[in-house]
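So, here's a batch of structures to check.
Two complexes follow with chain A in common, the first pairing it with chain B and the second with chain C.
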Partner chain A sequence: MATTITAPPTPSPSIVRELTRVERWKARGPLLPALIFTILLTQLPFALTLIYSFMSWNLLSNKPPQFNGGANYLATLQDEVFWRSIGNTGVMTGVSTVACIVIGLLLALLLNHSFPGRGIARTLAITPFFVMPVAATLFWRSAIFDPGFGLLGWLARQVGLPAVSWLSEYPMAALIILLTWRFTPFAMLILIAGLQSAPQDQLEAAKVDGAGPLRQFGSILVPHLRPYIELAALLLAMNLIQTFGEIALLTAGGPAYQTTNITYYIYLKGFNSFDFGLASALGVAALLITIALILPALRLLSGIFQKEGRR
Partner chain B sequence: MQIGPQRTKAVARVLAVTAAGALIAGSFTACSTDNSGAAAAGDVTINVALAANPQMKTAESLISDFEQKNPGIKVKFTTLPENDLRPAVTKDVATKAGQFDVAMMGSYEVPIWAKNNWILPLEDYANKDTAWKKDDLLQPIKDIVSADGKLYAAPFYGSSSFLFYRKDLAQKAGVTISQTPTWEEIAAAAAKMDDKAKGTSGICLRGLPGWGQNLASLTTVINTFGGRWFDENWNPQLTSPETTNAVKFYVDLLRAHGQADAAKDGWEGCLQKMSQGTTAMWYDDTVFAGSVLNSATPEVKANLGFAMAPTGPANIKSGWLWSWGLGITASSKNPDAAWKFISWVTSPDYIKLAGQKAGWDSIPPGSRTSTYDLPEYKQATAAYAGLTLDSINAANPKQPTKDTVPYTGVQYVQIPEFVDIGDFVSQQIAGAISGTQSVEEALQKGQDYATNAVKSAGYLK
Partner chain C sequence: MTATTTRRAAGVRAENHTPIRRRRPTKRLKNTLMGLGGWLGSLIFFLPVAYMLLKSFQTETDAAEAMPKLLFTPTLANYAGVFQAGFWPYAINSLIVVLASTAVVLILAVPAAYALSIRPVEKAQDSLFFFISTKMMPVAAAIIPVYVIASALGVLNTLGILIVMHIGMNLPLAIWMIRSFMQEIPEEIMEASAVDGATRWRAARSIILPLIRPGLASTALLCAVFSWNEYFFALNLTNSTSTLPLFMQKFLSFGELYTAHIAAAATIVSIPVVIAGWMAQKSLVRGLLFGAVK
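After this line comes the complex of A and B, so read on.
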């Protein structure tokens, strides 16, 4: 009996079409309560901050808050310490983020291979992120950075070098070291996830074609990891900008405001000097500067954010 | 095993009902009032905000004595670290939020809050409560917690500053520390006792930025060198020759023979170093004498000596004056009950009770003359109690400097703007201590900032 071989039916082209407005709102609907809650919780205080920033209101002077136009903003723009703290925030955040990603990537690559004791190694590598910030900071302050008691001082003396007064002479470096130690596990976890989803078939093909490990890393892994690195950088920057406890306990923002970031400066003005008008203006100014810097950065990020409503 | 769709739906329904029931039951417990103390109807609860220092912790642990003597009053404590207590209580009294009935406040805050009517005057309560013995309070301490001659806070403890030193290290270096030393003597002694090879610094002084940290010690040095913060017309005097000499002396001493990495050390850091034996001398608060003796290594404990606060060329007695006091907030709904608590915890009877229960070296010092007459206290604190009393009595907050000043306060300037000015200047001084800038630069920056501040606040015309 002759069998008829017919060509398999051509698969219908995958249907990719834009959703209709109704369908889009149906998809968003369940998210609305959470969105409204978030807006109320973040935007109402922001609106109040905006209002306070146009008032002269020092709690200790016992005078009622009075509208004073843009005087607080003028004071902010002329305040040398404000610009210093913006610069410090940039340095602190930028250098720590880059260091976290580089070291995190190194650790991720190492921990991606299986070796005896990998479980313990991974746990130890993750631990710094979960130690209480206050405890970690106090420990670093006394047991590591202190020239008399600390580990680094002892190491220096063993080698015959004078002990460095970290918190007096290199306070920013000390802070960055502490922050990098605390946040590297965070970057490492994201990058391990990225490495584990690396396209193994491409890597094997490259190996067959004679590519060495460096070439494999540069041409295949890095482009694949790019969205993960960008995500890690974004989340790290978001967390690092808010650094407060480490600064308060390590150097109290000094000496001479060298390690004061904008968060700590707003705290000093708001809760030490109780000048709520000025502190609000500082907060709004800091927000505007942050938005101005982040927007172009977000534009560059590829692959993290997909367009809404595609099926 | 296949669970049919009907069975799954039934299970889901049961789970939903259970969850809903649990939530509703939970919400009922949230609605009920907090009756953990099994308070009877008519009981009054007062909320007390305290700083987390050892003497206050003792008071908390002895609260049953108060509740026995005052049935019907329950006390709820909120203990916060000093840095958090200040903003928390300030916010409460300034906005009249009513969170606290009794608040612990520093002698810096009392006159400011009194002027703003944020705390109630205690004069009438104190006069009526004869068992409380208002006249037993040490006069300088009473002065700094009063405003316009009226008492606004009951002093819990009072302190001044003096010198701690190691008798054995002094002997080894061939140095004698007199009971009323001068800063010149102390600088020379620090140079001799400084042993960098062994890791012992000649002296430990506060370097940490903060109006209540490095500026407290530094301001007393400025005072005793003949300098001052402001002249009679509120012109800042930070760049005057006397002030510059004083700050130069402090910074140079610290850099040459002080502890390493000084800009990170406040009283906490120096307390640690003194207790561990890594510094030969320490100039700081009298209230730490008990703590150092408690936590020190045996070698330090056996060799600890005390001397009056060193004086400078202007020969002004330079011990500072500080008190933590308890006041009644203006928004309190139970001021009478609040006074009963305050009266209990600052009374001579309480001091005796704390001494018996917690040890004589951990009672709140420096508030009453009668404390210094207690034989057990005198015996337990023979090394430093007399000096503490002398230091407190020698301090003059109304005229702390050689030339007249428009402000009061020994180690701070009693104006609301001082926290802001002080924080800025202390940061610049820390910069000079760490070597980032010269003393002249630091003082010039401080001078400019202070001038702007007093001009915009209206003091300087």
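After this line comes the complex of A and C, so read on.
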């Protein structure tokens, strides 16, 4: 737009402009297939979700889908389980993210130190992140959390405590333990990379000046690690907010919706009750919540990007 | 505070006399402790995996005992049972989905990453953010329309729909990682090739691709891991024609009495991804970080 106005009205620049337009499209060429594919696959469904969310559409009833105004949203807002699922999503995502960062930092500090077999130790520590989640969840369920057969029950009995049934008494804690086990290694990987790029000269200088390990950690390492911690937290939260498989196979959202997060609730409404209208309204709600949570995080990430640009 | 300084001063004085002998024992002790701590930490995280391996070689009777049995006569019966329980069709499906989706992801991601790093289009940053942001949006919010469209097209319960969804799932990550590997190519190399008069296409093929090959390999490995492990789309869009996570899910109904079978199945389905993950771990960090931090 701006170029059209400022361009002088001679014929030659228009040819130049034509050329640059062709050139611009040529430059864009390699990007377009991926861009078009992603737009079609991600944006189109969201638009349709929005439309469906205003329809009464249940596969189990033989009525054809029809618009019902905001009835789905009204039902959602009055639905206690919906609010509960939002709370559960927050607790599950928040606690697991913090636990992963704290334990991951501790592990990273230990595994950044050189010692015999460090490579093997690191490789073993990263393994939980790659094991198939569905498989790991089923194994934890029967061999670790089960009060009768599980490892935790046996350990509790060894120290004279009653074996608790984790999945019925503390389902949220059990889920958070499982998620933390799976995602801590991921946080650790990023934080080790952060530690490896720590300013050694500053640390040396601090040591010479008589700063103890705690001071060194607090005033040099933590500020240096901050972008790494932020990135790790963002990537973790992005994944954890969408937790599905662990819930489906460990607790099935129960007991009494105690571990139903918003993703699992959409699944229940959509593929158990087959209420596509209501499930779509829930999907829109999930989208809005995620955007509200992720936008600040994205801005943070773009801040990191801008730093990179300045470099 | 004062105590520390005096102690430190004393230490410095002592060091001046016998600098090496004084320092070594404490330093060595610290190193040993950190090393032990490192091993302990890793082993705690690895313990469930080791326990899974252990149980997979036990009989169901041994595995059902709460006390971890370390001495037992190992059996391969669970593994045989898994292969008899219809493992292969699911495994072959998984392989097809992984290979097809990863191949298409690379074919789409390499040119896109090129247009976002080496010859950046206008507003490259915005495009990159768009790709990343799709990774943040909840897939659950899109699943109903995907199901409806797939049903209308008659592709529910096919590998095709899984392949398409896995491409969408992995493409942003692949673009991000490959872009960061491309940005590491020194500018002099690109300039030199321009001086040589190499066309863009030739430069891309003969200079860029070889340089980022290790990065491409680990990107492919990671995409393969995520595709192999994917459960949400498999559960909602397929049933009989599906991948290994749905095969695993069948064991849910077996319950605690089949712990050893579950352990064996979990081990088999995890071995390929764990090995792929181990191979890709270093580049995973580099790819994720160099795009963002530093």
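Basically, the second predicted complex is superposed on the first by the 264 of 311 C-alpha atoms of A that agree within 3 Å, B and C clash if a C-alpha of one lies under 4 Å from a C-alpha of the other, contacts with A are read in each partner's own complex, and residues count from 1 in each chain.
Quick note on the criterion: a contact is a pair of C-beta atoms (placed from the backbone, for glycine too) under 8 Å apart; a residue touches a chain by one contact, two chains touch by 3 or more.
Computed from a prediction, not measured in an experiment: that's the story for all the values here.
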item	value
Which superposed partner A:P116 touches (first chain B, second chain C, both, neither)	second
Which partner, chain B or chain C, touches more chain A residues	C
Touching partner for A:S165 - first (chain B), second (chain C), both, neither	first
Which superposed partner A:A256 touches (first chain B, second chain C, both, neither)	first
Which of chain B and chain C A:A193 touches, first, second, both or neither	second
First, second, both or neither for A:G212, with chain B first and chain C second	second
Touched partner set for A:S273, first chain B, second chain C, both or neither	first
Partner chain(s) touched by A:V22 [first = chain B, second = chain C, both, neither]	neither
Touching partner for A:G148 - first (chain B), second (chain C), both, neither	both
Doubly contacted chain A residues - partners chain C and chain B	142, 146, 148-149, 271
Of all residues in chain C, those that touch chain A in their complex	4-5, 8, 31-32, 34-35, 37-39, 41-43, 45-46, 48-49, 51-52, 55, 63-68, 108-109, 111-112, 114-116, 119, 121-122, 125, 127, 129-149, 164-165, 167-168, 171-172, 175, 225, 228-229, 231-232, 235-236, 244-245, 248-249, 251-252, 255-256, 258-259, 262-263, 265-266, 269-270, 273-274, 276-278, 281, 284-286, 288-289, 292-294
In the complex with chain A, residue positions of chain B that touch it	87, 90-91, 94-95, 112, 115-116, 199, 207-210, 213, 259-264, 266, 272-273, 276, 278, 416-417, 419-420, 423-424, 427-428, 430-431, 433-437, 442, 457
Chain B-touching residues of chain A, taken from the complex the two chains share	58-62, 81, 141-142, 145-149, 163, 165-169, 171, 250-258, 268-269, 271-275
Complex contact set, residues of chain A against chain C	24, 27-31, 33-35, 37-38, 41-42, 44-46, 48-49, 52, 106-107, 110-111, 113-118, 121-136, 138-140, 142-144, 146, 148-151, 153-154, 157, 181, 184-185, 189-190, 192-194, 197, 210, 212, 227-228, 231, 235, 238, 241-242, 244-245, 248-249, 262-263, 266-267, 270-271, 276, 279-280, 283-284, 286-287, 290-291, 294, 298, 301-302, 304-305, 308, 311
